[in-house]
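Chain naming follows the written order as A, B, C, D, E, F, G and H, and within any one chain the residues start at number 1.
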C-alpha cells in the first residue's frame, strides 16, 4: 500500500521549505510521497489528487503554498482527510498573505495551519495525527518530546556557564 | 447567446455586497448572470463553471469571496477570461484576509482585484473591459464619468454654501 | 472509556465561540468533554490535563484562547496528541493577536490552527483526524461534504432567480 | 495604428519590476508602448496621457507605482479604458502602502489591481482583456495555460524522484 | 483678497470629519473656503484648483480623503503651497489605507499628514503655518496652548477628587 | 508619607479604562493617587510630575495614553522609578498605535507595557513590583493567584455540566 | 538672526536619514541648524529647545525619531511653530511604529508627518511653509517643481527607447 | 543568597539578544543568573522554575521568547514576582508575533513587556524595580540617566559642527 502522508506544494521553489516536513517524517520512519500539485497551474490534476487521496491510502495531506495560497484549502474541499497547510513566505509581506490565505477557511472546510515556514511542524503534526491510532508511533513521539527537553536542558547547561562567567566580571 | 458577464460568489451571504456589481452592469444595460459557485463547497462545479465560461459566451467573470478567498483565483486558473476579484469583508480582520487571498496571485494567473467590499467597481471594471471592443459602451462609460463629475460638483455647491455660512460666524 | 475529543478553553467567556466545536462533533455523533483549563489561571492543572490526556483515552484536543493565547501551545508541549487551536477574538485587534500567539509555534511543537473564531472547523478537523482510522466516520464526513455542496447549490438556485429578476429590469 | 497596451510608471526606477509586464506582452506578440508618466512630477502630462489614451488607440493601460501610489487611480479617473495597477514595493513596508493606495479606489473609478510586484500578471491580465474580443489571442492564452501545467508537471517529476530518494533513506 | 486657507475633500460625505478643520480655523478667526474637489471624479477641476491656489491668495491647503486617498498628494504636485492631508477613515481598515495613501509620498512632493480623522489638527497646523509670519496669530496660538493646559489641569482636579474617594474605600 | 503608586493619564476620557488599575490596587489595599498629567497639553507639569515622583515617595508610576502615546515614555525619561504603560485604544486602529508608541522605547529608557486596555494588569504589576520588597504583599498576591485558579475551576464546573448535557443529546 | 529651520533628532544615528532634510534646505539656500535633542535622554533640554525655538527666530522645526518616536510631538506641545515629523525606520517593523507614534497626535497638538524615512520631503515641506510668506522662495519652489518634471520627462525618453527596442523583438 | 534577577529564554539562540539584559545588570553590579527554560520543550521544568523563583530569592524574572512566545506569560502565572517579557524577533514578521504573544496577557496575570529585541531595556527595568526599595541603586540609576544625557549632548556637539559645515556650503 502507498505512503500514509502526501506532501504537495504549488511549485518546486517551495521545496527548500517543504522538505523539512519530509525530514521530520523520515525521522519517525513514516513513509511519504512528495509532488508538485499546483492549484493555479494544474487545477484539474489538483482536484484529482485530492479526490483520490483517501482511496489511494493517504491518511494525511501536507500542502505548502505562498501568497494567495489556495492549495491547502482546495485540497481540503475535495478530500475527507485532514489537510495540514504550511504558509510559505514569499519575497514580500513575510508570509502574512500566505498565512491568512490558508488559515481563514470558511466553516465546513478546515485546514490545520502551522506557522509561516513551519514545514517541520507540519511533518510532526502528521505524525501526531497518525499516532492517534498507532500506539507505537505515539511512543516514538513521546520519546521525541523527551529528547527535545534533554537538548534544551543541555543548551541551558552551556548558557548557565557563560552567564556565570559574565556575571563574575561584574 | 448568453450574458457577457458572470457574477459568482461563494455563498449567498455575499449577495448584499455583490449585488452592487449587478446594479452597476444594469445601469449600463449589460446583461449578466449570477450564481453561487463555492470553491470550497462545490469545487468540481466551480472548475466546471470556469472551464466552460468562455465557450458559453461569457467575456468577463466577477467573483466575490471572503476570508481565505479562493474563488477568484481558482476560476482564473481554468479560464482564459479576465477574472475580477471582490474581497468580501468578514466579521473579523476587516477584509484584509480576503484582499490578500485574492490579490497575491502567483505569476501566470492574474486576478483583477478591486477594493474591500468594492463590488460596484467590479461591475464598472467589467464594463470598461467590454467597452475596450465596443465603442458605444465606451461612450456610455464616458458619459457616466462626466456624470460623476457633475454630481461631485453639485455636492461642492452645497458645501461651499455651508462653509460660507460657517465662515461668516467667525 | 472516555470521550475521544476534549474541548478546553481559558475562560467560560470563550464558550459561545467554542460550543460550535462541540456542536460539530455532536452532528457526527463523536463524544466529547468540555472544560475550563486556563494556562494562566491554573497552570498546574493545565499541565496535568495535557499530561494525562492520552492515557485517559483522548485522541484529539481542541483548545480555544484569546489574546496572548498560550493554552493550545502549552497543551501541545505536554501531550503527544494532535492539538487544534482556535484563536478567539477579543475586544481589540480582531483576533490577530490570538492567531499569531497560537499559530507561530516553534519547531518541535505543532498546533493545528484554524481561523479566527473558527471553532466549528476545529470540530470538523477533529472528526477528520479521528476518521483517518475510522472508515465509517470518514464516510459520514464525505456525506457531510456532499451535503455542503447540495446546500450551496440550493442557495445558488435562489440567487439565480433573484439575479434574473434584477437583470430583467435592465 | 498605435499599440493596444500602454505601460507607464512613475519613475524609471520602477522599470526592473515593470518590464516583466512588457515581457509578458512580448511573449504573446502584443505590441505595447512604455513611458514614465509621473502623477506627482508631471501631473498635467499624466492627465494628458490618460485623456488621450483611448483616442490614440490604446485599449488597456498598465500603471505601476510605489508608496502613495496615485498613478493608476488618477489615470483611471480620466480614461474609460481598463487600468491595471501594479503595486511596486519600496524600501520599507513591503509594498503594503503601494497596494492599499492602488486597490482601495472609491466607487465609480475602478483599478484592476495585481499582486505586490506582480507586473508579469499585469501583462497577462492585459492579454486576457484584449483576448475577450480576439479569439486567436484567447487561444494563445489557453496554450499558455496548458504550458504552465506542463511545466508544473515536469517540476513535479523531478521532485517526486528527489522525495523517493529521501524517503528511501528512512 | 480671498481666504488664506482652502479646505477641500473628495466627497461631501467627508464633511462631518473635515468641518472640524473649519471650526478650528474659525476659533482663530482665520478665513477659509471649503469645497468638494474630487481627484477621481473631477480630475481636471482638481488640477485647476491646485494650479491656481497660490495666485488666488491661498497660503495653505487642507485636503481630506479616504481609501486610495489621492487628493492631498495630487494637489501637492501642482501647487508650491504647503498641503495638509487628513486621512478620512472609511468603513473598513480603520483609515490605515487612507493614512498610507497620503503620507507615503515620493521624494519631491511632500504632504503634511495628520492623524486618521485628525481634521481639527489640520486646522491647527494651518494656523501654525500662517502664524510663522504673523506674530499676532502666533500669540493666539500660544494662548490656545495655555488654555489646553488649563483645561487639562481642571480635568485633573475632578479626577484627583474621584480617585481620593475611590482610594478612601480601600 | 504619600501613596506608593501614581496613576496618571493624558485625559480624563482615559479614566474609564484607567480606573481598573485603581481598583486592582484597592483590592490589595495599596494606596494610590490619580491625576491628569498630559504630555502634550501640560508638558512642563508632566516633566515636573516625573522629576519629583521619587522624592515625593512614589515607588511605581502607572501611565495610560492613547494614539501617539507619549506620556509613559516621557515620564520614564525623567524618573528612575519603574513606569508601567497602558495603551488606551482610541476610536480607530484598535490601540495598535497606542501599543507601539508605548512599548517601542529606545535602549536606555524602559517602559513596562501591558496589553491594549489592560489597566487592571497595570495595577497588578504595580502590586508585584511593590511586593518584591514586601513579603506580606507578596503573600496577598499569592492568595490572589490561588483565587484566580479557584474561580476558573468553578467556571469549569458549570461548563462541564453544560457540555455533558449537550453531549448527551448526541 | 538665527536660521529659520531647526533640524533635530533623537540620536546621531538618525543623521544619515535626517541629513537629506538638510540637503533639501541647502538646495534652496535656506539656512538651518541641526542638533541632537533627545526626548528620552535629555528631556529638560528638549523642552528648553522647543520653548525657546520661536523666540530664537526659528520658524519651522523638523524632528526625526524612530520607534516610540516622541520628539516631534513633544516639541509641538511646547512651541507654537509648525513641527514636521520624520518617522525614522528602525531595525524591526519597517518604521510603522515610528509613523504611528508621530502621526497619531491628539487633537490640539498637530505634527506635520511625512513618509517613513522621508526626510528630504520634510526639508521641502519646510521650504513650502517658509515660502507661504516669501514670494521669491515660492518662485524657487515652482522652478524646482518644473525641474522635477523635466527630469521625469528625460527618464521617460530613455525608457521609451528601451521599450521600443524590447517591443521590436516581439 | 542567590541572585535577585533570573534571565531565562526558550532557546540558546535567543542569547545574542538576551545577553544585553545581562550586560545592563552587570553595569549596575546587580547579580543575575541565566538559563534556558523552554515553555514548549521543558514545560514541567519551566513551571518548576517559576514556582520556586521567589523562594530561591529571585526578585525579578526577565524572560525572552520569539514567535508564539509563551514563556513570559507562563512564568507570570506561577510566580508572584514581576516578570519582564522580551519579544525576540524571528526570521519572519519582525517580532510582531512575539510582541503580541507576550503583551496581550489576560486580566489577572501581567507581563511587563519591552520593545521587540529590547533586552537591554529589560535589564534596566529590572534595575528600576529593584531600586524601588534600594536607595543606593536608585542613585546609580539617576547617574546612569545623567550619563545618557551627557552622551546625547556630546553627540549633538559633533552633529552641530557637521551641520554648520554643510550649511556653509549653501
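Note that in this section a residue touches a chain if its C-beta (ideal position, glycine included) is under 8 Å from a C-beta of that chain, and two chains touch if they have at least 3 such contacts.
None of these values were measured; they are calculated from a predicted model.
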Shortest chain-hopping distance from chain B out to chain E: 1
Given chain A and chain E, the chains that contact each of them: B, D
Taking each chain's C-alpha mean as its centre, the one farthest from chain D: F
Chain pair, B-D or E-F, that carries the greater number of C-beta contacts: B-D
Distance between chain centroids, defined by C-alpha means - chain G, chain H (Å): 33
Approximate Å spacing (C-alpha centroids) for the pair chain B, chain F: 47
For chain E, residues contacting two or more additional chains: 11, 41, 67-68, 77, 93-94, 96, 103-105, 108-109, 111, 115-116, 145, 148
All touching chain pairs, where touch follows the definition stated at the start: A-B, A-C, A-D, A-H, B-C, B-D, B-E, C-F, C-H, D-E, D-G, E-F, E-G, F-G, F-H, G-H
Residues of chain D defined as touching chain E within the complex: 10-11, 39-41, 43-44, 47, 66-70, 73-74, 76-78, 90, 93, 96-97, 100-106, 108-109, 111
Complex interface listing, chain F residues touching chain C: 89, 94-96, 115-117, 148-149, 151-153, 155-156, 158-160, 162-164, 166-167, 169-170
Residues of chain G defined as touching chain E within the complex: 54, 59-60, 77, 80-82, 84, 99, 103-105, 107-116, 118, 120-122, 124-125, 128-133, 138, 141-142, 145, 148
Of chain E, residues touching chain B in the complex: 3, 7, 9, 11-12, 15, 19, 22-23, 25-27, 29-38, 41-42, 45, 67-68, 91-94
